[in-house]
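What follows is one structure encoded as structure tokens, with my remarks underneath.
Per-chain residue numbering starts at 1, and chain names A, B, C and D are given in the order in which the chains are listed.
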Amino acid sequence: MVAEIGPSSIETAFILEALGKGVRVDGRGIYDYRGLRIACGPASGMVEVQLGQTRVLARVACEVTRPAAERPTEGTVQFSSELGTLAAFSLDRAVAQEVSIARMIERVIRQSRAVDTEALCIVAGEQVWALRVDLHFIDHAGNLVDAACVAAVAALRHFRRPDVTVDGGRAVIHDPRERNPVPLSIHHTPVCVSFAFMGKAGELVVVDPEAREELVQQAAFTVTMNAHKEVCALNKAGGVALGPEQIRRCTQIAVEKAGEITDAINAALKTAAAEEAAAAQ
Amino acid sequence: MQTFERIHPVEFQRRFLTQDTRLSGREFSQFRPLHIVKGSIGTAQGSATVRMGNTIMVCGIKAEVCEPDVKRPTHGYLTTNVELSPMCSARFRPGPPSDEAQVASEHIHRLITPSVDLTSLCIEENKVVWALSADIVCIKYDGNVLDAAIVALVAALENLKLPEVKVDPATGVVEAGAEDGVQLGIVRRLFPATFALVDDNYLVADADDAEEQMTSASLLVVLDDQGQMVNVWKRGTGIISRDTITECVAAAAARKSEIERALST
Amino acid sequence: MAKPRVVLPGDIVDTHTHSGSDDESTMDVDAESRVLRLGPGLAQINDSVRATAAGICHSKDETQFWVTSNKRRYVAAEGEPVIGVVVARHAEGYRVDIGSAHDALLPLLAFEGATKRNRPDLALGTTVYARVSVANSLMDPEIECYNANTGKAEGYGELSEGYAIKCSLGLARRLFSSNAPVLVALGASVPMEIAVGLNGRVWINTETPATTVLVANAIKNSEFLDAKQCRQMVKELLEKK
Amino acid sequence: MARPDRRDPDQIRALNSVLGQLSRADGSAQFSTGSTSVVCGVYGPVDVKLFDEHLDRAHVEVKLRPDIGIPGPKDKWLESAILQTLEGNILAHLHPRTLVQINVQVRADGGSLDACAINAAILALVDAGVPLRLMVAAAACAVMPDGRIVVDPVAEEAEAARSLHTFAFAEKGLGEGEGPVYVDSRGVFGIEEYDACYGVCERAVGRVLAFMRSAVESKVTKESHVAGA
């Protein structure tokens, strides 16, 4: 609400003192996530995720384009996000720039081959689908990464692209009103679980850091898992060093948390599909 | 008199407005005369210079060939770009286009697109089409840039000549014929008329720079060849009543004939 | 006295003045005109008094009218206690962020017993409880950590421990009045120190961090609850501890 | 010829608004008409960049981000439309040397986006407590090829329409001979069609203003019943 240039000294001291006794400023447990609400629709590929007060909206869109010369049979998936002044007016410019969440989510989804780009081909060398995922940060109350990842993945799974039939070299793109649009082929659902390390040596750890905790953290660490309990990516950008023991403990916690988040995504998609089916009658 | 104008510009203007006259001596509903020179730029495929009092706009249209959009294989492109640089007025700062310039470019693009038959720009379906880029540069700024820009663009489109083009089927290379080719048939010409609410209660036509400083609302009315309305665009929170807008539409019809005369010279 | 009613920007406020030609009751008013004192949220726009903010319009003996509205961005007003964080130190004083458009100036001498030689030494990031001494729309606000007439601190000064939370200005104003239900309920069973800043910041200090967090959550939850619901909510929070 | 979503010609889609939900913004509002939805966060009065500073009033700025893609000329155009419609309505002289920043995020565009954005922006300004002169609301209508005038057109209708009209009115401006605050009519239409659209949108704005009044009133009473006002 009010400008947050930096935490006041008593705020820093209090957060650390409380954490020392296993107490967090908003009353959560050390390993507890905030309430996660996932709303799909009304448009196809539109998902808004609410993680506590943090709100991220993901929009997926597709377009027919000419493929890149070196990959004639593959479509593309492009992410874009900007921590604009809506969610982060008071954060000074440096913090807002450095938080390039779209790059992290893009790496996570691309390296784990979550989206089958081969299936995006229409006419090899001529026409392919170019997917665009726009991430909009509506409210920043800490841990944008986890919320953005859930929003992006859920939006990709919720998205339906127009159906296409190809005869000879010609491709016919069917209007969604005539022929039901087709889902993308998504191999798996990578989910991010973020940790914040506080205290001089980073000995105090919490899951799903809140905005005030992020201001005081010495290091941030994100584990990306998929539904088969496999680690897709580990991400740590600077800050105090972490020992192997801490990383192992985080990945263990991440397994359980990722499972819960994946269930939440599946549930949200199921209700959205049910509502659509009901509306279609 | 100069110092009074410089120190109290508002008060100075008000002295005239209260006596139902304007500093420039024009009637409230009187537009500045239009002088149009077509083909003023030799290197452009189509060009025109428009002078409206001390507001001067030059429009140059360059034509290039390119691949059509996958979704609309028979459509060519027409992009418009209004340039309001520090050259034409001190109010514009160097650097990227100002908001005013970007909004003018976008608005003119929305008005001109339905007026031009983009399929007539098609050279070979799904292969090669014409891409016209119209740059409308303001040389001198003295208010009401939008009207001058629209007229300049319409005049330049009427002046546009595209060379004969052949596509070599084997290599796909496009050769342009030497002599000037076909005149592009513009579907519907646009006739703009802008009114400004000055000092919150005087409605004047074709406000100049000084009057624009005191404008709390502006109204653009654009008519087409048949006198039908193409655009009514009222901005600013000053109130222009419903009947005044209807009167402005009538005044715009009068302005249309002035523009037609200037275009046909 | 007209009963308080919800107003939106642009609503004409019935001020019973003889010039008032508004839609509400057309009570005839005695001829002599009265001086109207308009509080925040109201403005005179060509001969009628209109609301400029959404809220509840109150009036007191037909001469004073004001609108209470709930905002988050603080606009400094003279005499109001505020909680701020020191963000910079200049020769003549400290710059303190009190959540308003411009940082406030806290002169070095605006402390109890401060003299040229013995001046307070506040580090950056220090939280202070102060009182707005100068506030107008054209200047940066100024605050002071003592009562200028008595020279006594009267509770103002550095807040060295505890924790400060942010809340809406409406809630802060309600907490500031001594009989705020949530504070009464909490005070009965939890020993605590509270300092309320009308700039939407509340400082809390108790023996253990857990209780401080409990008090903070109780205050935040109380925004939309009435007295009875507040007591119930506090009871539940205390049992869960 | 029924409308795609079987609405009457003068029926607006379901209106929905949520006020004050964002934790960082000083005021916020999400406004939806059917599937078109816009969320807006207002910061102000806050500190202003030296370049924009005015000594006698606040600087008002609109930043709009589209739902899909990077901001382009269309978004710049809508930013300017919102600014021109609301800037004069803010009592900027009460907060000199400050900034009022209106951040508009388009969530979904199902047609009549301009009107929805203006409505979200005014509600966010009200929620932020920025001093305003009047309530302003906007509505859109379209003249279909067969001459029918339909209010609050969906994207499909807007594409097929002969002309599209967006009007914004101030609350006190209704019916008292005063005019519209904002007009954007595009396409091919005569003066009679324009007048008809003016009337249709004026009535629609009346309904939107009534909806806004109940939304703000419910929030104000929810907050104040505690104070026993």
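To be clear about the criterion, contacts are C-beta pairs under 8 Å (C-beta built on N, C-alpha and C of every residue); 3 or more make two chains touch, one makes a residue touch a chain.
Because the structure is predicted, anything quoted here is derived from the model rather than measured.
*Asks:* Return the chains shared as contacts by chain C and chain D, ordered by label.
*Replies:* In this structure, the chains that contact chain D and also chain C are A.
*Asks:* So how far apart, in whole Å, are chain B and chain D when each is placed at the average of its C-alpha atoms?
*Replies:* 28
*Asks:* Just how far, in Å, is the C-alpha centre of chain D from the one of chain A?
*Replies:* 31
*Asks:* Between chain A and chain B, what's the gap in Å when you average each chain's C-alpha atoms?
*Replies:* Once rounded, the distance between the two centres reads 45 Å.
*Asks:* Mind checking the centre-to-centre distance between chain A and chain C? Centres are C-alpha means, answer in whole Å.
*Replies:* Result: the chain centres lie 39 Å from each other.
*Asks:* Which parts of chain A, given as residue numbers and ranges, touch two or more other chains?
*Replies:* Residues 1, 3.
*Asks:* Mark out which residues of chain C touch at least two other chains, giving numbers and ranges.
*Replies:* 72-73
*Asks:* For chain B, what residues touch not just one other chain but two or more?
*Replies:* Touching at least two other chains: none.
*Asks:* Looking only at which chains touch which, which shape fits best: line, ring, star, complete or other?
*Replies:* other
*Asks:* Using the touch rule from the top of the page, what pairs of chains touch, sorted by label?
*Replies:* After working through each pair, the chains in contact turn out to be A-B, A-C, A-D, B-D, C-D.
*Asks:* Could you please specify the touching residues of chain C with respect to chain A in the complex?
*Replies:* Answer in residue numbers: 72-74, 85, 87, 97, 99, 123, 125-127, 159-164, 166, 168, 199-201, 208-210, 212-214, 216-217.
*Asks:* For a test of understanding, state which residues of chain D touch chain C in their complex under the given definition.
*Replies:* Interface residues on chain D, with respect to chain C: 26-27, 43-47, 91, 94-99, 126-129, 131-135, 170-172, 212-213, 216-217, 220-227, 229.
*Asks:* Which of the residues in chain A come into contact with chain B in the complex?
*Replies:* Residues of chain A touching chain B: 64-66, 127.
*Asks:* Would you tell me which residues of chain B are touching chain A in their complex?
*Replies:* Against chain A, the touching part of chain B is residues 70-71.
*Asks:* Where on chain B does chain D make contact in their complex?
*Replies:* Touching chain D: residues 99, 102-103, 105-107, 109-111, 114, 216, 219, 224, 228-242, 244-246, 249 of chain B.
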